[in-house]
Each structure stands twice: as C-alpha cells, then as structure tokens.
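Below, each structure is written out as structure tokens.
In what comes next, chain A is part of two complexes: it sits with chain B in the first one and with chain C in the second one.
Coming up: the complex of A and B.
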C-alpha cells in the first residue's frame, strides 16, 4: 500500500498528472473510487481484493476528463478496458498514465499503453468455471424453457441503466435507447423493452467486453446480465479463436474477409 | 380516528394473508429473487420473505407503476379514437410488510401527484390500496428515518401497523385508518382485543444523524457551492437511486406506435440521467453531473418543503444500498450539515 501511495504522491507532486483515479475506503466496508488531486490525497488510496469496481468507467466521464491529464490505478480488468478504449480512440499516451496493480500484488508504473498491452496479453480472458456451469445449464434447456428463463430473469429490470453507466465500454454520449424519434428500442420497462435493451447491450459489447462483471455488480436488482456477455465471449472463442484488446488491429465485430466462407457477409 | 390496538397471534398472520386473498385482494408482498427482496404480487404466504431490513425496491409501484399505459388509440382516415385509462381495471391491493419509512413516503409521493393537477390514475390506484406496515426490529447503517421525521414504529401512512413482540412472537396490531378497520371487519376474530405489549421496547435503534431543517436552511445558500462537484465526481449518472426511492416521482411519456394504432405510456425517469433536461434546441441546463446531483438533494430537502410542505426523503437508505459507486446519501447529507461557506 505504501508503495502505491508513494508513487501516486510523487506523480501529483511532480504535476505529471492532474488527477489520479484510485480506490479508497467507502461506506459499508466497500471500496469506492477516489480522485486524488493533491499530493496529500494519496494517503486515502487503498488496494486489496475487494477492489473490483472497474475504474476505467471514469476515464471517459466528461467531468473527470475535464481535469486534464490523469493517472489510474488499474487492476487487470481495468488495464484490459483501457487498451480496448485506446483502440477505440478514447484514451492515449498523452492523456492517461497507468499504474498497474497486478494479480500478484505488484505495483507497476507503465511507461506507455504499449507496455500495458504487452502485460495484459500474458493473461487469457477466460470466464470463471461457475459461469461456465451456468451457461451449460442454459444450453441444456429447451429453447422454450431458456426463453422463459430469460424473460423471468429480466422481468425485474426497471431500466435504471446502472449496467450501462458502470461499463467502461458504454461511453456513447447518446445511447440508442435514448433516442425516441424514431424510438429504436421501446423505452418502457416491459417484457419487450427489457429484452431488446439487454440483447442490444450484449451485442454491442461482443468482441469488446473484457469480462469484468461491472454490469452485473452494478445491477441493484441482482439480474445476471453478465451471462449474456459471457455467452458471447464463449461464442467468440469457439468460432473466432477468442480475442484480446489490442491497440492496433481489427475488431471482431467490425471486420470481415472478402473471401469469407460464409455467404451472408458478402 | 383514534388508533385501535389489538393483538394478532403469530399463527394468525398466515390466516390473515389467506383471508385477504379470499376477499379478492391482490397482495404485494416482499419476495426474494436473486438475493434481492422486492414487492411482488404474491399468491402464497410461504413465498413472503420475513428476514429483511428493507426491500430493495420501495412499495411505490402499487400506486405509481414503472410502466403505466394511460391510453390506447387508433387512427382512421380522418379521426383518432382514443380509449382512456380504464379505472375498473385497478385491483384492490394490499401492500404487505411495508416498512414505516415507505408508508411515510406515500404522503410525500401524494403531495407531488396532487401539487397542481390531481393525477387521476395515481389517486385511484392509491384509493384502492391498503397498507399493512411492519415495524422495524432491526436497522442497518444506511437507515436514518429518525433524522427525517420518522421512526421504526411510525404509524403515519400505514392502515394497519404490526409490531412483533420479539423474534417469532405475537404481534401488536394498530388499526389506524378506516381502510385498516375494513380489513379487521372481515378478519375480526384474528384481531383480539388486548392491552398487552408496548411496541417501543421491540423497535430497532436508529440514532439521529442530522437535522433536516438545518440542512434545508443551509441549502438556501449552497446553490453555488463546490460541494456538489466534490460529492458527485464518482456518480456515474444511472437511475438506480431514483428508481428504488419511495418518493421519486419523475416520469416520461412515451408513445408506442404500431402502424395506425398505439398506446401512450408513462414510464419512470430520473433527474440523474444526463438527458433528463435536454431541450429540443440541444441546450441542456443541467449539463454536468454536479448540477444533477444538486437537483436531487435540493428537490428533496429544499424545493419540496418549500412548495409542498413535505420533505422528499424518508430515510429508508435504499439509494445508498442500491448505488453501484457508493454515493451514500447519509454521508453526503451529514457533510452538508458540517460544511461552512
């Protein structure tokens, strides 16, 4: 912890960055985001296994960006999010400095995003075994049973969009669901409205989701919406060999080969 | 009317539930799903959750559903036929297991829905709703009803308030309103006349954390304070706090169009959303989160008392529990009380 605090303090003292996004102790024994702007703020920073909130969601937040150059204390899922965001031109070496918090409790000051990319590629994105079991259970259901299961699970959704707000990849200024002329997705939270929202969310994240579970953790109603993303992660692995966020390269859902064996894509 | 105090034996609770069902009451009761407890139309007593401090969602949906179809229409060549809301479709509802903070919230919600225009659908739903409150025997660190005019055994807003005399014990029943008396009239034998039991000693201890009138006075001068920027930086602008709140009443009107016919629907909305106040011109008077967060606090602790003579917060603590990023309202209110300009 001291190593982390000293590094952050040094960054703020040297004015290398204007703000450091990190974790602090919150209420109810849960860590929360803190925005350190003065060297003495570094003393608030913490890091332990409870720090699962994906801080990368703040990088694209208008009010945080307005502070200028930032640094972020980044766990593996946060680092993955950062590289994905960089590949989508949302951050770059000029506006973000990454302090890595590695799975084996090291604190690494990365010189640039390319180093972060090299680091995250050491770890494969692989869904947890308990979710693999949950997906297998769903696969074994009949089509009707599976449909009914999802309708029932999505029924409580009241469209607070906490899942969207907590997801680093949902940074659009105006989301498709916020359009009402035309209204692409039904606004009310009824059966069809909920279904369309959650399917749209999952599909927009295909090939981009880095499996951090921020969406499910944010849901105040405990809806297992991350299962949709995990299904698509597994499908991407099976049909396209999986993916890793990359600074340069093609995205799974926005590229095709002219000589693709499938007809529909031509 | 004066409060009629009776005793409900512990095994009479299930009988009461069944008698209500037999008398065509739709019962909204706390039911557990995925580790969260919410009010749901419940058909069996065994499905009703008993061990909870507070439900995840408030009971406001009984009178203010998240999605309310207010009219259907069909367009013909030269006319539009609209069929308005059918009031006969509103069921007789009993909300079961409402905490006193939620029951108190009904008056606050009603103040908004009757401020200027009297909202017919809301009022008719409420008229057909009976509230069976359950006093709180335990509280958690998010609870602060005693700081906003409530208490764990508050009768305000309930038609009947039940207080358990210890874990698994018999219940003190306070019959507060005519609606409550109506229930006693068809389940009379369950409500025994008795003088036993003082509810106070069974109630949860909820310490007073701040003075809401003091906060209100401060807010008059704090519109331009930088406290809003500081507090709201970690807010991610979702609507979880508003949707679980027993007094948040903002809604949006949407048309769902299917060719030549369609429906007009009222759906929940939230002042925390970035596009809540966006104008047709593109101008947004609340363009940053700090302005939206300020609105939330100001509305509940300044504008509502000023215009409606009620505060907009019951201290239920739901927003703090539901917030994915720990925007703890009690912590923020306490810091507003402590700060000096």
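Coming up: the complex of A and C.
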C-alpha cells in the first residue's frame, strides 16, 4: 500500500500527471473511486481484494478527461479494459499512465500501453467455475423454463443503467436506449423493455467484454446480468477461438473468417 | 390450431434473395403467402434489434436471407452478418427465445425455387410450433399504443 501511495505521490509532485484515479475507502466498507489531484491526496489510496470497481470506466468521462493527463491504478481487468479502449482509439500513451496492481500484489509502473498489453497477455480470460455451473444449469433447463427464469430474474430491473455506467466499454455519448425517435427500447420497467435492454447490452459487448463483473456488481438489485456476457465469452471461444484485448489487430465482431462454421443456415 | 395462419417476416438482401424472390414470382412458382418481405441493402445491415422488433410486432417466425458466402455485393457483408448471427443465436438460446422460429438461409438471385422451398418449409414449421404466444404476451402491454402514437 505504501509503495502505491509513494508512487502516486511522486507522480503528482513531479506533475507528470494531473490526476490519479484510484480506490479509496467508501461508505459501508465498499471502496469507491478517488481522483487524486494533490500530492497529499495520495494518502487516501487503498488497494485490497474488495476493490472490484472497474476504474477504466472513468477514463472516457469528459469530466476526467478535462483534467488533462491522468494516471490510473489498474488491476488486471482494468488493464484489459484499458487496452480494449486503446484499440478503439479512446485512450493513448499521451494521455494515460498505468500503474499496474498485479494479481500477486506487486505494483508495476508501465512505461507505455504496449507494456500493459504484453503483461495482460500472460493471463487468459477465463470464467469462474461458479458462473460455469450457473450456465450449465440454465442449459439443462427446457427453453420455456429458461425464458420464464429470465423474465422472472429481469422483472425487478427498472433500467437505472448502473450496469451501463459501470462498464468501461459503454462509452457512447448517445446510447441506443436514449433514442426515442424511434423508441427502440421501451423505457418503463416492463418485461419487454427489460428483455430488449439486456439483450442489447450483451450484444453490444460481444467480443469487447473482458469479464470484469463490474455490471453485476453495480446492479442495485443483484440481477446476474453478467451471465449473458459470460455466455458470449464462452461462445466466442467455442466458435472463433476466443479473444484478448489487443492494441493492433481486428476485433472479434469487426472481422470474419471465410470459413466460420455454423450449422443453422440453409 | 387449424385456423392459425403464421405471420412471417423475411429480412432479405437486395442483391440476392430479393432478386431470387422476384424470380420465384416470374417463374410462376407458387409459395405460401404468409411471408412479408422487407428489403435491405445487405445482410450486414440486418440489425438484431429488427429481429426482436419483428417479434414485438407480432411475427410468429422470421426468415433472414442473403447472398451465399463469397457472393456479397459489398464483398464481405454476409460474412460479418454470419458472425453476428452465430453469436446472436447463442444469446437468444440462453435467454429462452425460440430460435427455431428464426430461419437463416442463403438464397441467390438464381434460386427462385429454393426461396419457395425456404418459405414453405418455414411456414410448415411455424404452423406446427403455433403462434408465438410467449413473446406476444410480453410484447402486448397497454402503454405500447401510447408510445407508438
């Protein structure tokens, strides 16, 4: 912890960056994001296993961008998000400095995003066995049961869009749900709108989701919406050999192979 | 359910299947009249939201059809679409949406008889499955009329 604080302090004192995004102690023992702008703010920073919020969601927000060059204390999922954002031209080396918090509790200062990329490629994106079991259980149900299960599970959703706000990949200035001419997704808390919103969210994150669970953690009603993303992650592996965020190269859904296999088109 | 007539929406590409369906007509091949054809510039343009909206609006089945691989007018639209369908189908399956009601196919401009066959078999299949009441129940809600004017 001291190592991290000292590094952040040094960065802010040397004015290498104007703001450092990190975790601080929040209410209810839930860490929250802190934006350190003064060297003394560095003392607020914490890092432990409770820090599951994906801080990469903040780097595309214009309030944070307006501060100029930023640094971010990044766990592995955050680093993955950063590389994905960089590949979508949302951040670059000139405006972001990454302080890596590795799974084995080391603090690494990365010189550039290419180094971050090399680091994240050491770890494969894999789904927790807990979720694998949940998906298998769903697969065993009949289709009608699955439908009812989801309708029931999504019923409490009132579309607060906390899942969207928590997701670093949902950075569009105008989201499809915000459109009302035509109204693609009905706004009221109703089965149809809920269903369509969650399908839409999952589809838009296909091949981009890096499995950080920020959406499910952000959901105030505890709806397991990350199951959808996890299934698509598994399917990407099954059909197209999986993916990793990469600085250069094609995204899963913006490319194709002439010999992609399917068995349902006649 | 003998008097049930399925309502089917077909999303087709302008260059292959639409022309193919045209050929079916000019060749005087008779096929089921349950299908409403919607013409798109390319299968790559067919958004998954349109499929969901078709179910919302009361479709019992959907046909999505375009050029065979390597025949796309825009070189790669159908390849992109294929990837999207593969993933979308898996997602629908997880959500419990009846993927048997969505028929994907490649029909070229020369395959007039194949188009008739695709439509006929889909209609038969949907007739067996019956009306898509599950989705209609969810989609049929009072505020809808207000929102859609």
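Basically, the second predicted complex is superposed on the first by the 256 of 266 C-alpha atoms of A that agree within 3 Å, B and C clash if a C-alpha of one lies under 4 Å from a C-alpha of the other, contacts with A are read in each partner's own complex, and residues count from 1 in each chain.
Rule of thumb we're sticking to: a contact is a pair of C-beta atoms (placed from the backbone, for glycine too) under 8 Å apart; a residue touches a chain by one contact, two chains touch by 3 or more.
Bear in mind the structure is a predicted one, so any value in this text is a computation, not a measurement.
Peer 1: A:189 contacts which: chain B (first), chain C (second), both, neither?
Peer 2: Only chain B is touched by A:189; chain C is not.
Peer 1: Considering only touches as defined above, state whether A:27 meets chain B (first), chain C (second), both or neither.
Peer 2: first
Peer 1: Just chain B (first), just chain C (second), both, or neither: which does A:40 touch?
Peer 2: neither
Peer 1: I'd like to know which partner A:57 touches here: chain B for first, chain C for second, both or neither.
Peer 2: first
Peer 1: According to the stated criteria, A:160 is in contact with first (chain B), second (chain C), both, or neither; which is it?
Peer 2: Once the two structures are laid over each other on A, A:160 reaches chain B alone.
Peer 1: For A:223 in the superposed arrangement: first (chain B), second (chain C), both or neither?
Peer 2: The first partner, chain B, only.
Peer 1: Overlap the chain B and chain C contact sets on chain A and report the shared residues.
Peer 2: 183, 186, 188, 190
Peer 1: Which stretch or stretches of chain A touch chain C in the complex?
Peer 2: Against chain C, chain A makes touches at 135, 138, 143-151, 176, 183-184, 186, 188, 190-192, 195-196, 198-200, 202-203, 206-207, 227-228, 231-232, 235-236, 239-240, 252-254, 256-258, 260, 262, 264-266.
Peer 1: Which residues, counting only chain A, touch chain B once they are in their complex?
Peer 2: Chain A residues touching chain B: 26-28, 30, 32-35, 53, 57-58, 61-64, 153, 156, 158-162, 164-166, 174, 178, 180, 183, 186-190, 193, 217-224.
Peer 1: Taking the touch rule as given, give the residues of chain C at its contact with chain A in the complex, in rising order.
Peer 2: That would be residues 48-49, 52-53, 56, 69-70, 76, 79-80, 82-99, 103-106, 118, 134, 138-139, 141, 143-144, 147-148 of chain C.
Peer 1: What part of chain B is in contact with chain A in the complex they form?
Peer 2: 33-36, 38, 56-57, 66-67, 141-142, 229, 232-234, 236-240, 242-244, 252, 254, 256-257, 265, 267-268, 270, 273, 275, 288-290, 320-326, 328, 331
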